[in-house]
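Written out below as structure tokens is the structure these notes cover.
Chain IDs A, B, C, D and E follow the sequence of writing; residue 1 opens each chain.
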Amino acid sequence: MKQKTEQKKSLNQGGKNMTEEKSIDFFEYFIGPQHPGITGNFGVILNAVGDEIIKAQANPGYLHRAFEKLMEQRMYLQNVPLVCRICVPEPDVNEALYSMAIETLTGIEVPERAKYIRTIVLEMARLAAYLFYFGGTAATLGLYTLPNWSFGDRDYILDLFEELTGARIYHIYMQPGGVRRDLPKDFTKKLYSLLQTLKKRIKEYDGIFFDAALFKKRTKGVGVINKDMAIEYSVTGPNLRASGIAYDIRKDTPYLAYPDINFNVITENEGDFYSRVMVRRREFEEDIKILEQLIDKLPSGEVWNRYPMPLNWKVEKGDVYVKVESTKGEYGYYVVSDGSEKPRRIHVRGPSMTHGIMLLEKLLKGQRIADISPIMFSLDICPPDIDR
Amino acid sequence: MSDFITRLKNITGLNIHKEKLYQASLKVDKEKIRKTLLDLKKEGFLQFTTLTCIDWIEEKTFQLVYHLWHREEKLHLKVKIDIDRDAPIVETVSDIYIVAQTYEREVKEMFGVDFKGNKRLIPFILEDWNEIPPMRRDFNTREYVKDMYETEDRTEEIFKPRWKKYD
Amino acid sequence: MSILNKFRGKSLWMLHYCTGCGAIEMPPVMTSRYDMERFGIIPMATPRQADILLITGYLAVKTLKRVIRTYEQMHSPKWVVGFGACTVNGGMYWDSYATIKKLELYLPVDLYIAGCMPRPEAIMDAFIELRKGISSGKYEGWKKYIENYDWYKKNQAKLFDVKKWSVNYE
Amino acid sequence: MNINILYAALAPIVAILLGLLYIGIGRKIIARLQRRYGPPFYQQYIDTIKLLAKKTVSSHGVFFSLGPIMGLAGSMVTLLFIPFGSAAPLLSFHGDIILVMYLVVIAPLGMALGVGEGSNPNGSIGMARGLTLMLAYEVPFVLALFSVVLYTHTTSIAQIVQSQAGEWSLLKFHGFNWLTFALPISAIVADICLQGMLGEKPFDQVIAPHEIASGPMVEYGGKYLGMMVINHALHIYIETALFVDIFLGGGPVWFFIPATFSVFILSLIINGVLPRFRIGQALKFYWGVPLILAVIGIIYTMVVIK
Amino acid sequence: MAWNDILKPLSGWKFLFKKPHTIRYPKEDKIPSERYRGIHTNMIDKCIGCGSCEKICMNQAITMKEMDVEVKEGTTNLRPVVDHGRCCYCGLCVDICPTGSLWLSRDYRHLSEDIDTFIIDPNVKEKEREGWQKAPEFSLIPPERGKMEEIPPEKRVKSFMEVFVGYTEPIAKEEAQRCLGCGLCVDACATHMHIPDYLKAIREGNNEEAVRIMFKNNPLSEICGTVCTHFCENVCPVGIIGEPVAIQWEKEFATRTIEDYKKIIDTTIKEKKERVAVVGAGPAGLSFAFYLRLKGYKIDVFEKYEKPGGMMLLGIPSYRLPRKVIEKEIKFITSTGVKIHTGTQIGKKKTFKELLKKYSAVFVATGNTKPYTMGIPGEEGKDTLQAISFLYDVNTGKKIDLKGKKVLVVGGGNVAMDAIRTSRRLGADVYLSYRRREVDMPADELERKEAKEEGIEFMIQTLPIEVIREKGKIKAVKYVPTDMDFSEKGKRPKPVPRMNDVRTLEVDIIIEAIGQGPDLTYLEQEFGESLKIEKGKPVVDKNLMCSIKGLFFGGDMANKQNDIVSAVADGRRAAEGVHNYLQNK
């Protein structure tokens, strides 16, 4: 559809006006920050011919709060509440990373029970993030029933989080040296019963979405990342496993309580939209098994190995890079300390930095306009990772 | 892991010293960074994890850290180079690792380090930013906030000792 | 006119725009667990069709430009609800160069909700309060915007060039 | 004659009220499917009144404002030809089924005109999709109606209703002479096409919020949107009434309204649990199975014709 | 495409007939969990206004505001006010709050259109619904103190070796980290030393700066570091749940590492012409002399005994306060040019009036030398000694052997502690009789613990009523148990003896340590009525000047606290007083 874009004020999508004079036979199309199909606050500028996209450019930066600058102004303990605000769908990954980084720098030993509790919190957060992912992907494809179910079930996990940590989303529960409170009474019983209901619920999701013919028709062969493209673009996490490379940080460099949990790494091999969703779908069940093992093997003992008085806490000079397997990919923290009370530099390596910009722009080339937001959702791009 | 490091040392002739938690670090001077990364990529460091810039304002240097990950050997390598703070110019590595282009864009915008050869150093996160690159340590964010939004920074008032009246 | 206010109160269409981190608490409110559709509130895709603009948490300056243009595109009567501490006085990012501190200076906010990300119940509280307020004609934020328009524009101009800002891309 | 005028005046109001009622109850049922309570059934009326009570009107030009008016006009005119169950429609002459087929197309075209003026890419993409979708479902739908015309030898909807008539009473069920039993294949094809005409999933690419932010209606707000919602309600009433008149034999009011509602619910059942096609897939879908079925339907009618 | 893939989605419709799991909010409400972090509440009486919640809050959401609340000893009238436009509900302020008065309630509702209402005053009288509360084992302040290794009791009883070992470098630094920096201890300390400042200096490892800060307020810092009654630790917020910061031991550690104070403290003096006399070289006299000397006046100190040091040298035994510590401090004070004339008692040869004429001002600090007696029948006679004279003999090296003897010490203060432990070291088996409960004892808690370890039997709530003597020698003592009468508010309970239950204890020697008073006989002879005396102590004004112009009083003889640190404080205040007095004379 040839469209000359003269001086026309397009008033939608947060109202970017197309002021330049362009007379090429494509039209610019903004999926701007204000768009139901975008995960969070993120913009993509597309040049499309008819329904097909010929060039895409990601436009992040709408959620920039200068975390790394703020972290340099705060003492080490004051960063604990700040750090979990970086990635909203899965805040616990940041808490675990920050605590692990400080523990490696200062050599504080984490008690065994605290390691297990942290792993339980991480796995519960993973379940909640996957439910969020299923709901989001189904919504972009047009099925509004699954989001209602999955967000509803995710809420039960958030209730358990509220029991355990005192807050629904931002738990601020892990601190260097362990966790801030012990498990409330009969928490593991409630968690166990929730896991059983989730097992039943995922079967119902299969019925309406995962095994549905239309879902397969709509997603097979869309947004394919083959093996060497995945390696070339440093893809990590479920998206990498969807392309057939069995690489899971929980298995390769186990941390916290993962060494004594046995689970298998799930891979698909086409690397298209369908396999990315199915990888997460099967990992959802694998997580439930992991959580059950964690509950059985939960040791007793105290949960916090004290660090010095926070107001005068100085960490000696050093730098460390720790990483964790989040639902979006490899999430890493590079903490540099210079012996003062405040960190010299904390670099947050979010997975969406590679998935959301270069990979997305390469994937969107040649796709239909109808598939933009589904592909973006399938990669599970979390814009706050990019802008921090 | 450690035998791989020794093998790596004698192949690439670089002094890599091991740190705790699957990590190793390596200091290289500015000119040899491209050659080092090329060798390391041949050795099997396929994943370019991230690029960090640390502002050591006291020694007037920016320290660029290239993080690489070797999947089979499970080794995280931190290649560090120091560049002068007042004229920060480095060659790009985005042709060796494609993903580095985004990280270089971010470091260019946040620290003002110029990457020669990076085809796409256009603004990345900040829009119409006319101050100095914000992540540099001489940009004081609390003063900027004071005159843009009148938000007081009460740190000295909080930590003012209350017993000075006994002097 | 008050009868129409009753109808306006009973059917508030919310703009589907997650400006900040508080938007993660919107899905439970929109979907089956708390179900705000019982009050006739559904998320609409474009500013033209929406009545309420939810500023869910902090606002980066880049987002503020889009939010202001979106707000001006909405059809009045329109209302703005500020979520959480970041809209009241800067919240956790009080010393960040990239976020605005007091939403009050840039948009006429009708209701603030306390919380560092308010709970779904708190959000439902706000919707019920908004509903009662609109039915009784109490919330007139959009008139305030028109009356002291240049005051708002002066505040906005302090942060960015109100007339000529646009997206820079290749 | 004055009864007819009364009927002409009443028909649009009844149609709008019925349409909005169907949507309201539909929203409640979909909500129950999604494990939540959903809005009160009269919510759609409140929404419409609120939209009409909006204060600002922002228009992009004359044609932009003309779009919804043309859409509404097109729907109002088609109402004249649709019989309200067994009650004869206001105007009825030979060939009005073809006229209705044409009039149903006017509403989307009118809106397309308006949206084009709005210069919003989403609007134009939505409009393009609407037209391609219409192209997709028109072909099997016309063939299905053609087989009906062949079977009943008349092209006037009223007469088609007559041909299926028998005396109606609550006790005796005598739907045997309904056309659905006579021509089952074309009924199925018509129902599949009805799914596309109503814009229910899997064929709601026209207003796909997650892809093109509610398509053509992207620039319309306030009173325009109110008109469009009314137009959508009319649209639902017209199509379901058309289907019931042709295939389920019209019938007295106490049968006609539940029948139209159940046809709407049937389409809702599919809508609730399916994601949507891409526009290309929708086209391929319609010109695949339903088209072949429609052709078989025609051959079947030629064989079984009396 | 398999047929069931097409029809499977319809299975979703079974929920149409199930009850939705929506929480219909206005009717059904979900109560937040017990640990929910909502809006703050603070119990106004339990809060001591230390301000550590304001310090830990990174959003500066908490501001400490003056509130009309009755300021008890060791607290301020500041109370936190929370700005919910900043707060991120992390609960760090709750975890650091030393008293546990601040917590986050389970209430989160706050809706308003005006942003000023978001500044909420959380102070309440009684506890409402609890939410995120303080758990002592999760307090951010480390409860235990740095461990100081102790000498086992058997070993230390044998000799007068030094009991106080003191901190090593790493433990001292780690202990100094526990200080919250709130400054409540500075108000409680008599000399108002800038404790948080010098703890910070110790943390950073430069002890010179720490000693410089100490010597601004206290010239006898090492002595105070070893034997202070540490009111600062009694009031330290860290001590509310755990052990208080070991301020006294930190002071001792810092001063011990500095060999010679001369090198690090500049004592350049602008000479003035006036001369000032000091009577009594105890802690008050020495600190007065030091500070006035620094101001430039020439100082002459007159000491009755042979060596300067007063009660520090002659009252406190050497196992508690090593002699070399006293010499080191006094050597530093004399190095500034203070002349100490030992062995000259004022009032005998020289009179106070002569001094007043010769010197422009006289500071009298002779301390409490007159012991109080019990006044019970059979008390006078052989073997009933006064504690300070007994300790004077021991400290001046007189050989006393109490092996195999039974000694009864009466009293509950630090002097009593010194008496029982010294006699224990001299071989006696010792009993202590104290008429009130153990908790009312003014003696230091650590002293009591160490005394008990050394095998001294505490006879609590006992009152001797009669001493039985045989041929002048003490054979036994009769005593009665006492009950406590809590009638008077604010003061310690009054002991009421139970006369019907009389018991006896065979004892050879009785030592009385029930308090001392000032010996004003010479002063009364000389000045008579013009010197106003009240309850045995001369009345002094703000500058510690008594009714006679130019005559200043200080130390134990003029104040109520009767310990070293208050004497040092009086010395410093008197120096200011004399300086002002001489300026505007």
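Note that a residue touches a chain if its C-beta (ideal position, glycine included) is under 8 Å from a C-beta of that chain, and two chains touch if they have at least 3 such contacts.
Since this is a predicted model, take the numbers as computed values, not measurements.
Fewest steps needed to get from subunit B to subunit E, stepping only to touching chains, is 1. Common neighbours of subunit C and subunit D, by the contact definition above: A, E. Centrality by C-alpha centroid: the chain sitting nearest the overall protein C-alpha mean is A. For the pairs A-E and B-C, the count of C-beta pairs in contact is higher at A-E.
On a Cα centroid basis, the chain most remote from subunit D in this structure is E.
Placing every chain at the mean of its C-alpha atoms, the farthest one from subunit A is found to be E.
Subunit D has its Cα centroid 43 Å from the Cα centroid of subunit A. A straight line joining the Cα centres of subunit A and subunit B is 23 Å long. Centre-to-centre separation of subunit C and subunit E, using mean CA positions: 57 Å. Separating the centre of subunit A from that of subunit C, both taken as means of CA atoms, is a distance of 26 Å. Residue positions of subunit E with contacts to 2 or more other chains are 9, 12, 20-22, 24, 30, 32, 55, 58, 60, 88-89, 181.
Contact of a single residue of subunit D with at least two other chains is seen at positions 31, 33-37, 209, 213, 218-219, 272-274. Each of residues 126-127, 134, 141-142, 153 in subunit B touches at least two other chains. Screening every pair of chains for touch gives A-B, A-C, A-D, A-E, B-C, B-E, C-D, C-E, D-E. Contacts from subunit B toward subunit E in the complex involve residues 153-155, 158-159, 161-163, 166-167. By the touch rule above, subunit E contacts subunit A in their complex via residues 1-2, 5-6, 8-9, 11-12, 21, 30, 32-37, 52, 55-56, 58, 88-92, 95-96, 104, 131-132, 135, 137-138, 140-142, 174, 176-181, 200, 203.
Remark: subunit B residues 120, 122-123, 126-128, 131, 134, 139, 141-142, 144-145, 148-149, 151, 153 touch subunit C in the complex. Interface of subunit C with subunit E (complex): residues 32-35, 38, 85, 88-92, 94, 102, 104, 109-116, 118-119, 121-122, 124-126, 128-129, 139. Within the complex, the subunit C residues that touch subunit A are 15-21, 23-25, 27-28, 30-33, 43, 45-47, 58, 60, 62-63, 65-67, 69-70, 73, 92-93, 95-99, 116-117, 119, 166-167, 169-170.
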